[in-house]
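To keep things simple, chains are lettered A, B, C and D as they appear, and every chain counts its residues starting from 1.
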Amino acid sequence: MANSRFEYVKQFEQIDHLLPNTWIVVRIDGRGFTKLCAKYNFEKPNDRRALDLMNAAAKAVVSEIHDITIAYGVSDEFSFVFHKSSALFERRSSKIVSTIVSTFTAYYIHLWATYFPDTPLSPPLPSFDGRAVCYPNVQNLRDYMSWRQADCHINNLYNTTFWSLVQIGGVNAKDAEKLLSGTLAADKNEMLFSRFHINYNNEPEIFKKGSVVYRDYELVEPGTHDVATAVDQLGEPVQQSKTQEDNIKKRRAKARVLVDHVDIIKDDFWERRPWLLSNKPGAIPKET
Amino acid sequence: MANSRFEYVKQFEQIDHLLPNTWIVVRIDGRGFTKLCAKYNFEKPNDRRALDLMNAAAKAVVSEIHDITIAYGVSDEFSFVFHKSSALFERRSSKIVSTIVSTFTAYYIHLWATYFPDTPLSPPLPSFDGRAVCYPNVQNLRDYMSWRQADCHINNLYNTTFWSLVQIGGVNAKDAEKLLSGTLAADKNEMLFSRFHINYNNEPEIFKKGSVVYRDYELVEPGTHDVATAVDQLGEPVQQSKTQEDNIKKRRAKARVLVDHVDIIKDDFWERRPWLLSNKPGAIPKET
Amino acid sequence: MANSRFEYVKQFEQIDHLLPNTWIVVRIDGRGFTKLCAKYNFEKPNDRRALDLMNAAAKAVVSEIHDITIAYGVSDEFSFVFHKSSALFERRSSKIVSTIVSTFTAYYIHLWATYFPDTPLSPPLPSFDGRAVCYPNVQNLRDYMSWRQADCHINNLYNTTFWSLVQIGGVNAKDAEKLLSGTLAADKNEMLFSRFHINYNNEPEIFKKGSVVYRDYELVEPGTHDVATAVDQLGEPVQQSKTQEDNIKKRRAKARVLVDHVDIIKDDFWERRPWLLSNKPGAIPKET
Amino acid sequence: MANSRFEYVKQFEQIDHLLPNTWIVVRIDGRGFTKLCAKYNFEKPNDRRALDLMNAAAKAVVSEIHDITIAYGVSDEFSFVFHKSSALFERRSSKIVSTIVSTFTAYYIHLWATYFPDTPLSPPLPSFDGRAVCYPNVQNLRDYMSWRQADCHINNLYNTTFWSLVQIGGVNAKDAEKLLSGTLAADKNEMLFSRFHINYNNEPEIFKKGSVVYRDYELVEPGTHDVATAVDQLGEPVQQSKTQEDNIKKRRAKARVLVDHVDIIKDDFWERRPWLLSNKPGAIPKET
């Protein structure tokens, strides 16, 4: 059969390489998760099992795809960061995005029963969409990460206060919305404390800070490295010898992938973990 | 917390609208399925359970996403076609591709146990990547579909002969490859028949033709419509009234999604199913 | 000198091929022509010399770049149409746009002295910007052309009335604007006739219809061809033999490039000139 | 006239914003300049008048478009660099490229008679094409510039030797090519000196180094600034007050646009002219 007369259709595929030497962030979002939360009775304002499932899926993605240097998740979204030197799939956008989304979805569905043993899935199933964005330098990348974590904080403080009013205070949803309209962070903190004796600072870190996922190496004393500057000035990715590459791969494979709930807006987090920006694996921490 | 000073990072997202008034094909492919076939002992050259699982996942995708007019699958790939008038997600490429890939993956994982009850999944899990391609007219679209089905035929004839040589004939893989090198379709047919008494024509249609998935309405007498021409000449998508739209949605929701194994290269298939190109639901077939 | 260590910078160039089998329209616009009109005292509402210069430059562009099938101009803008089968510069958008813009600008500057013999150019010089848009079928392309010509009509009727009020009627600009605000075409026609005895229908065609530029062959009886349908259904561009191609080139080179001021919204224009859509040169008209 | 029914065609325009916070390089190239050189009898290997015309056109472009920070030209090409903070035309690629190409062409044609007073232009006129490339950091940008200047050197040394062999040595073109095949820079230097008593170092700087065009301010002592690092770390463009902006504009408008023929590969050039990377105008040099 003459297949060749049809093959011209291959020319219609358009190339979508992401700009070299930029940080690639793939953010995925749950599709229609408001309905999903209702269907599976997720707890309000935060369902710990649902967050743990998100984190478990993200951990699997980071473990399988070595070019991911760090990931950050909150609610039903997760952002995966590829180092700016990554050449994965020749940096083809649709291939990178679809691989992340598919791998994440696979683990989310597969691990569902672990986190929701009494609530079997039924169609329509949970699914996610995604997109890739390029950031030229470390400042832009860190501002992106800070944006997501600041968003997490703002939303969680609002939701915690809102649901306290509704669930503990017996206020109806409309009135709760009105009460909160125009309030500042300090007002919400005060409202939580005076009305419900809730000290927001004592809320679980996973709710307040979201979740950051990365390979764990030995921490470094801050101030001893200026990784951000060195990385920003990188022109072409440095070519490694085959031995060096194998060495890097081995150390990466050995590293434990960690799920953490810490501040990633301040410098400290990044300075103590220079491998996140440098893409050079650190020392494997000794077991204790 | 001043989130606003980080919000500038939103500007880096680049817009990826697909050209209006063109057919969108999203093709997804299994990632590393050679390894996967080995790991889960898929039968060679075709594993019926694996194909049925692919088809079940595709059927779920077509059922959930109404803008898909037809899908075609073979081996570990599936192509989903959006009508050229579709405005789904404002035709944003990454959103369309990631949604399809994620929904497909979700069902593939969820339904795995139905088709492989004795073979539980274990990491790394199956996953898929995807891409979107635009085709300006019906001829281009049909040539794309024909290209995939012709490919299915070519590969299946080769694989059937190759694995007959190996599994029945006891030939080793290298020698089988040599025997087949440079042979035409007729040679392979002859080899199958003379050596193994296999009449290729009697092989299952699902192996020879792949699988086509679409909404089922009453067939139409060919020659009574010239849908392709009408559709090619469409400028702006026709605006439907709210009532018409609701009516269309209802008929679509009622329609059974069919998995078929038939020739889609010849005109007959398309002429008898004018709704595939026109995007206007046909009559619901009477139950028998 | 080791140039090779710098050559990696070539990878940053991003590919911008326009979708195959679509009509390419490159529209160019004068930059800051309001200032330019004032600087060189262009007549209001239309400066015949300025329009003739635009048309002369467009004619030169169409003559030099054979893949252009038709061009349409009004005021300080011109749209150049490439046949959907064109493979010029591998359909790279920036190469196509920049070539058109540069060639047009070159002739505009070079021919300035012919049309404005008493008004020498001085910096800042006239310049143009441009963009390419793809249209999938004949209907879309014709709707684009109709859009520009309808715009020409609307603007010219407005401007003719406005400047009559100002120049003949002695009304000041602000009052003229107020008088015209909310008026329909019929109102403007009436105002022109009753106040100034101007019958808009008798205005020059170049002002009312704009300018269309194309290769001139013998007109064809309408209804004898259905070129639009045939062209819309074209899949892959038909491969011509070397002799056929040479023949086509010769006929195209022989053809006179015409500047016309006619209706291009109605079917008649396109039906009598099937070569505009088919891309097959017609018969050279006999000289009279 | 109902223009509105055609307006849908505007949706087909695809957005082409260049990634924010990256350096934009627009390179333009003469189209078919080999033929042009022959037609107008350009001198070989370098025609001083032709280079001066290129430089005069580039100087006009840099003077008119304030967002250009530096330009570099050699032979029939010129690269224009926009600072990474530039928001010109919302960073739309086709608008930026077409404006540069058109403005350059306008001056090239307009100034032709100044540099070639005895050689009037005739159709086909000189024209240029162009493209935009984004570079994420200073190292990438400088490597791009170095690439072009290294190319200039390599080509000029080759051409100088080749044309010496042909014009002075009486060698025919084919033999000259053979003689030079496989030679290193040192070999060509030696050949020039021993055969023709030409010391390549004494060749005019404009031929050896190409031409760099930029605004001239007072030079700065190297080592006192680390502009590259500061600029690489810039996240969002710093918002200037209206007064600061006006001040910057004035200083830029006062600055003389310079055409220079110097080494731009080494650090010295950039360190002494921090405004090229910082985008902050320096001090206006005192007149002497």
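Quick note on the criterion: contacts are C-beta pairs under 8 Å (C-beta built on N, C-alpha and C of every residue); 3 or more make two chains touch, one makes a residue touch a chain.
What you see is a predicted model, and the numbers here were worked out from it, not measured in a lab.
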{"item": "Residue-number overlap at the chain B/chain C interface, same or different (half cut)", "value": "same"}
{"item": "Pair sharing more residue contacts (C-beta pairs) when B-D is set against A-D", "value": "A-D"}
{"item": "Reference chain A; chain at largest CA-centroid distance", "value": "C"}
{"item": "Mean-CA-position distance for chain B and chain A (Å)", "value": "32"}
{"item": "Chain centre separation in whole Å, for chain D relative to chain A (CA means)", "value": "43"}
{"item": "Whole-Å gap separating chain B and chain D, where each centre is the average of the chain's CA atoms", "value": "50"}
{"item": "Residues of chain B whose C-beta touches two or more other chains", "value": "8, 12, 14, 19-21, 134-135, 140, 143, 235-236"}
{"item": "Arrangement of touching chains [line / ring / star / complete / other]", "value": "complete"}
{"item": "Contact footprint of chain A on chain C as seen in their complex", "value": "8, 11-12, 14-15, 17, 19-21, 235-236"}
{"item": "Footprint of chain B on chain A - complex, ascending", "value": "1-3, 5-10, 12-14, 16, 28, 31, 60, 64, 93-95, 97-99, 101-110, 121, 123-135, 140, 143-144, 146-147, 150-151, 153-154, 185"}
{"item": "Footprint of chain B on chain C - complex, ascending", "value": "19-22, 84, 134-140, 143, 228-229, 232-236"}
